[in-house]
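My questions will all concern the structure given below.
All chains are identified by letter, namely A, B, C and D, in their written order; residue positions are counted from 1 within each chain.
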Amino acid sequence: MINKFVESIERAVAGIADGSTVLVSGFGVAGQPVELLEALAEQGAAELTVVCNNSGTGEDGLARLIKLGRVRKLIASYPSGTGSHVFAEAFAAGRIEYECVPQGTLAERLRAAGAGLGGFFTPTGYGTALADGKETRVIDGRGHVFEAPLHGDFALVKAENADRWGNLTYRKTGRNFGPLMCMAAATAIVQADRSCELGAMDPESVVTPGIFVQRVVVANGRTA
Amino acid sequence: MINKFVESIERAVAGIADGSTVLVSGFGVAGQPVELLEALAEQGAAELTVVCNNSGTGEDGLARLIKLGRVRKLIASYPSGTGSHVFAEAFAAGRIEYECVPQGTLAERLRAAGAGLGGFFTPTGYGTALADGKETRVIDGRGHVFEAPLHGDFALVKAENADRWGNLTYRKTGRNFGPLMCMAAATAIVQADRSCELGAMDPESVVTPGIFVQRVVVANGRTA
Amino acid sequence: MIEKRSRSEMARAVARDIPSGSYVNLGIGLPVLALEHWTPADDVVVHSENGILGMRALAPGEEPDPNLTNAAKAPVGMVPGGSFFHHADSFAMMRGGHLDYCVLGAYQVSASGDLANWSLGDTGRADAVGGAMDLAVGAKRVHVVMEHLTKDERPRLVAQCSLPLTGAGVVNRVYTDLATVDVTMNGFVVREMVPGLTRAQLQDRTGAPLCFELEEKHV
Amino acid sequence: MIEKRSRSEMARAVARDIPSGSYVNLGIGLPVLALEHWTPADDVVVHSENGILGMRALAPGEEPDPNLTNAAKAPVGMVPGGSFFHHADSFAMMRGGHLDYCVLGAYQVSASGDLANWSLGDTGRADAVGGAMDLAVGAKRVHVVMEHLTKDERPRLVAQCSLPLTGAGVVNRVYTDLATVDVTMNGFVVREMVPGLTRAQLQDRTGAPLCFELEEKHV
């Protein structure tokens, strides 16, 4: 019987090894898997490459991982902004590498990984510093940049509802990168606000089919 | 006020000119916009390039367009099978061009067009006759084929529910290529089984957001 | 006397080797017969390229829905926990390595795992590839189920495919009416033979050298 | 006396030029203020990069939902007819030319439509591009709203951007506190000036030659 529920947040993050690439969902607070990130901080994995749109706010979650020195490199589109002082300090001090990727390219690179594509040409970033060193090509008269798929060893994703097959729905803008990161990771680990019985979800409204999910833990803590 | 509903099937297909590229949804009968295709046959546009997974069955819809000699070229993955004799005869007689595209590549080329990408590398078809003449590249030790986006002037798509903004839901496997073709066409024309009030659809369950749709007609005829 | 496997027995052999909890795509024809050999308790999740996870055979007397069909456009049912999605997502599952198994029919399989199952070559008819090439490159394991010989008694297991390829070096295992054969670095390895068949007879019906490493449980 | 436009007046000018029924993305800061100048009857559909069509400002007294936020992570509301989607679909809308307008803030805009709005160059801080580059290349029309001068009174409308580009040749129109300026094949064309400002004064505050083709309705 397929049962992807694990009984504790500690079990959810078991096996994330030093040096792993970890995809972290969320756009600001919305969809941020805070409990999984806190559990990862306890678990101790280091030398991580983290892919996340932002860099965490305050001292929790991703910010805590960065503060603890566990993140070797951050791949993000917007690690600045209110409350992201932990990353700013680590970057200024040379304690963390940072690769800036346009937000849509970040999303599409994750999707390409999940969809088994070898890469794509996008007009985004053509003629800018973010295309430096990248292959470019003019297609139909328009400049494009080649972008490679972005695979994760693990994804940490927040969802609203989950069943034992790993089918997921999300809440409003909490959806953001979650569905793409589940596709792109070898092991997608989900914290869901709620569990439901198999068959309780409308098959038309499942956002992430369970095939893209490996572990689910119900964790409804401080976040909405 | 945005109101994408048109009052008749004739108005829905108005303006489709000779030589247009028309994307047609459906996988077999499921999701096939039969009424729109019949209206297009009446409307008379010729020299069409049609993109559709199949070639129509029996004598209706796409099969009728082919029989009438309106289709210059078919781009499809699976135009054979039970009931596709009209296409088979036209092809054998040299009356229609045919480009065979692997089904997943067809879907992805449509999505690339809708998503504004310049093309992508896929492992599908590498080392086969369908890669003949195409650019290939070995990425991470694996052969890939370059595939270009596939844009439509028009899409004819069948949906289940629609509101005046063009938000759509589909019915079961009737979804298939519909969401991708709406994205990929300059003008996406939808026949919906039912209309609903703006705001009646759950925003979490909209499959095709209205931004991808230009015209909607309610047409609940012989198809399910 | 050679006790050839029937179509149903071939499908049962296919089903038997796929563990509970697997995600599987079953091709049109012989492969889809495997459906009948799993029970709901097996939790084998069947994918259909036209946008279903959790496909099942239509139950006897169940009303068919023209919008709930399989890759062969035949009406099917759905199990609890299933989901619907569009073609780009469906083929992301296939191409992206998310399916544990796909089971395909074939015209020919070569000793290096090349698969030919979509075209009979230059016949003047329009070839139709469907989703075969995506499955061939994308599933974690590619199993083929086919008759051992063509209708005019030529081998389908060959040294090199003479028909146009669907994918190169993609097939892991082949089930025929005579044997179950793995495709390995060293070519064809026979794992299972039907009763009454000798090794020499099987080699005689096969277009490339066979190794024999029979699995006890299957003999 | 030069009657500079306030931030709200700049936003109103932006909103005024976007027809009813348009699909629009509004950047963080000044651009998003345009929201206040449309009524529901305008049916302007506002897109937010984090997965919303049909965004609206939070109503007074409305309970904020931490999972319903805009690109600046501030709580917002949603209008009837809105929808949620993931980031790949959201950026397909942006990159794929489906938005009629995007409105962005900027550091500099050049006479050939180059946009610089994401990086102040080599500051030692980590640059953050967000979705700006996708919008710059993808929206049908790119409008910029910004102060005419920097805080130290240097022009932001320039012959060539000195700051790192967000996109090359992408801007169609610029709204400042002093003027509304189109970017054309022939460079900057002034469409509107605030009362009390002379052409010479505006040229003096601008880093590239201006043409004047004032639109009567806006003067």
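As a convention for this text, a residue touches a chain if its C-beta (ideal position, glycine included) is under 8 Å from a C-beta of that chain, and two chains touch if they have at least 3 such contacts.
Here the structure is a predicted model, which means the values were calculated and not measured.
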item: Shortest contact path, chain A to chain B, counted in steps; value: 1
item: Chains contacting each of chain B and chain D, listed by label; value: A
item: Selected pair, greater C-beta contact count between A-D and A-C; value: A-D
item: Centroid spacing, where centroids are CA-atom means, of chain A and chain C in whole angstrom; value: 35
item: Mean-CA-position distance for chain C and chain B (Å); value: 29
item: Whole-Å gap between the CA centroids of chain C and chain D; value: 55
item: Two or more partner chains touched - positions in chain C; value: 84-85, 88, 91, 94-95, 137-138
item: Interface hub residues of chain A, defined as touching at least two other chains; value: 108, 111, 115-117, 122-123, 170, 172, 203-204, 207
item: Complete list of chain pairs which touch one another; value: A-B, A-C, A-D, B-C, B-D
item: Residues of chain B defined as touching chain C within the complex; value: 27-31, 53, 76-82, 87-88, 91-92, 98, 100-108, 110-111, 122-130, 170-180, 207, 223-224
item: Complex contacts: residues of chain A adjacent to chain C; value: 1-2, 111, 113-117, 163-165, 167, 183, 198-199, 201, 203-204, 206, 209-212
item: Chain D - residues contacting chain B, complex; value: 20-21, 23, 41, 43, 45, 47, 53-54, 78, 80-85, 88-89, 91-99, 137-138
item: Chain B - residues contacting chain A, complex; value: 108, 112, 115-123, 137, 139-140, 142, 144, 148, 169-170, 172, 202-205, 207
item: Of chain C, residues touching chain B in the complex; value: 48-52, 65-69, 73, 84-88, 90-91, 94-95, 119, 124-134, 137-138, 164-168
